[in-house]
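Just passing along the structure, written as structure tokens.
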Amino acid sequence: MTTKNKIITEHLVLQYSDGTESLKDISLDIPINAISVIFGPAGGGKSTYLRVFNRLNDLAKVTKISGKVHLYSDSGGYLDILDPKIDVTALRRRVGMVFARPVVLPMSVRQNLTYGLEIAGERKKSHLNQAVERSLKQAALWEEVKDRLEDPAADLSGGQQQRLCIARSLALEPEVILLDEPTSGLDPISTGKVEASLQELKKSYTIVLVPHSVQQAARTSDYAAFFLQGELIEYAPGKNIFTNPVDQRTADYIEGRFG
Amino acid sequence: MSTISPRETLDRAIKELLDEVLIQGSMVENALKESVDALINRDVDRAKIIYDGDRQINKKHFEIEERVITLIATQQPMARDLRLLTAILEVTTELERMGDYAKGIARITVRLGQEPLLEPVSEIPPMAEVCVDLLDRALHAFVDKDAEAARAIPKEDDKVDSFYNRIYRELMTHMIADPSTIDQANHLLWVAHNLERVADRVTNVCERIVFVVTGELLEMDRTDDEWFADEPW
Amino acid sequence: MKSRTSAERRNLTQQIGFLFLRVVAIIAVLPIIAILIYIVYKGAPAISWEFISGFPSDGMRSGGIWPAIVGTFFLTMGCALIVTPIGIGAAIYLAEYAPDNRWTQSIRIAIINLAGIPSVVYGLFGLGLFVIFLNLGISIIAGAFTLAIMTLPVIITTTEEALRAVPQSFRVVSISLGATQWQTVRRIVLPQALPGTITGVILGLERAAGETAPILFTAAVFFLPGLPSSALDPTMALPYHLYVISTQVPGMSSEIQYGTALVLLIFVLGMNLLATVIRSRARARRQW
């Protein structure tokens, strides 16, 4: 059974000007409609790798970047993410990101959700309202905030804020959702809710997740990639890698013997 | 200590558990040896002690099981640690079954009482010795995670099978020649059967050892004689 | 018998320390209170509707100071109109767009130095450039430009600080949602920095309103028969007026002098109050 791939990476090399968190020759296929987990000890390049997918590393001082990163669409064609001539704002609407600490914009709940659409030029009230309701339902937040849409988003609880951030990305109807340790600031119940919604979301989107613990990686991954000091050590279906990893370093890390 | 392993607690607990498995193993080995001894020496009292002693083996089994479950819950073991702990669960269960076989032999000793025994019974102690030896080597291979030894041990299963075949044929001859011996012959056959099952379970333990080391669950080949060594249809 | 434990001794030391600090704080506030009381006391008798709305007469010795008030108002407004867009624009550039290189460094050094130039030097510069070279003559517009240049560094600095205070995470989130940098600045950063910016602008203008030297050579005159009719006209102004009636006019009643000072003080303190109100209201409503 071959799974279609959403993002294909070939020999990606990346270096920051201060030498930190570089990526050394990464080749990896992210399958469509699945949760791919990038895990490993701190400083291993996981966040760096994620930020390549939505070109957020443009904001940092990157001295070298080479290789191929292609984003595939349903038609079979692909976009060369690393090409400096592409429309990065359009890319970022196709590849959304959720960060470690819930960062809600200093506006109401509704405005947070419509922000992305408005800057893309959407004006019609009906479209915006539909997007608000749809994305909140997809993020399993609709029932909790449907009567509080005009309240400042900062009034929501931590777990709600993070789900709002997920909804905010969903409002743009992306193809890929990147999540960088999304539950590290949340309590166990909120963490569980986020993980459960990811299982639903993967049916329609491609999810790439950097987990905040090995256990979260084990719980959520369909596919898991172990990154160590900027190198891809091992990549396999989740149930294989967490019961029978091939590389000694992967086994040591998963068992908690280092990192 | 100069360096502390981040899995200190788990590592220590696993080491203690493996010691416990060896203890349970030697309890089973003793029970097998003693029960066969008691049979040969018509020592009904000793047989009764062995019979009751099975309770200790079961108790040890439950203790080990409980420890493993607690460890899984509290230490969240992964990968190799997880395979080892689930293998310990399997092995302690196999040992508990082997203990039951020794108990079965002791019960037969009591039932046979002071009856003079048929000749083929002389094959039983050497058969038991081979089985106990295989078990001992398997348990040490388990604790040492020696996959090579684990693959070699089941190949010696044919020695046990040839013992069983001989005993079976000789007892059949007796039963045909003198139908009054059928009762005792049946019991003796059952003893041999129990010992043969011990050897089978040792093979299961060896499969687990390979699983712990390589992550693969393989069925180990029994020898061809197996087809004849099974219970008479 | 008093035997102090070390805890008691430490407590006593702390109390003495706090007392000392409280005294120092009061001493620091005393001059301001003293000035306020003194000027109010000496100037209040002069305040009346005629004083504020009327024209001076008898060589300034009596009458009102209306033209000076109007002049100061125009000069401040003119300065505001010029300095606000330039200052905020420069601040946005420095905070959001400027690359981290030698060129940007020199711009920052230039701004810092600009802030340190004495106001009389600004006046002289204004005279040379606006009044003479650009031939604007002594006029409101020349004065407004001069005041603007003087106020520029303050506006840039406070606005840049207000922009930097906006959490970086907002910008990152905005970009990740597909916004351009300008959209991010316009829709999120600038609105969030607005209270701080406005406060900075008001405080900057406050200084501009009260300075004498910059307008000395560029805009202010002692006497005008009527109100200025265009930006090219010279004007009377409160600070300059206060200077002249306190030093150049013989037989001046001290009442009128202190009355003028009081009006200027109220003008300036009023702006201060406005800035404070804006700042505290913004802080209460802040969503981060």
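Odds and ends about this structure:
Each chain gets a letter, A, B and C, in the order it is written, and its residues are counted from 1.
Rule of thumb we're sticking to: a residue touches a chain if its C-beta (ideal position, glycine included) is under 8 Å from a C-beta of that chain, and two chains touch if they have at least 3 such contacts.
Values in this document were obtained by computation on a predicted structure and should not be read as measured data.
Top-ranked chain pair, ordered by C-beta pairs in contact, is A-C.
Centrality annotation: A (chain centre taken as mean Cα position, compared with the mean over all protein Cα atoms). Centres computed as Cα averages put subunit A at a distance of 48 Å from subunit C. Taking the mean of the C-alpha atoms as each chain's centre, subunit A and subunit B sit 52 Å apart.
If you average the CA atoms of subunit B and of subunit C, the two centres end up 94 Å from each other. Subunit A contributes residues 214-215, 218, 242-245, 250-251, 254-258 to its touches with subunit B in the complex. By the touch rule above, subunit A contacts subunit C in their complex via residues 54, 56, 59, 89-90, 92-93, 96-97, 99, 101, 103, 105-107, 115-116, 119-120, 152-154, 165, 168-169, 172. The touching residues of subunit C, when paired with subunit A in their complex, are 167, 169-170, 172-180, 183, 187-188, 192, 286-288. Subunit B makes touch with subunit A in their complex at residues 5-7, 76-83, 215.
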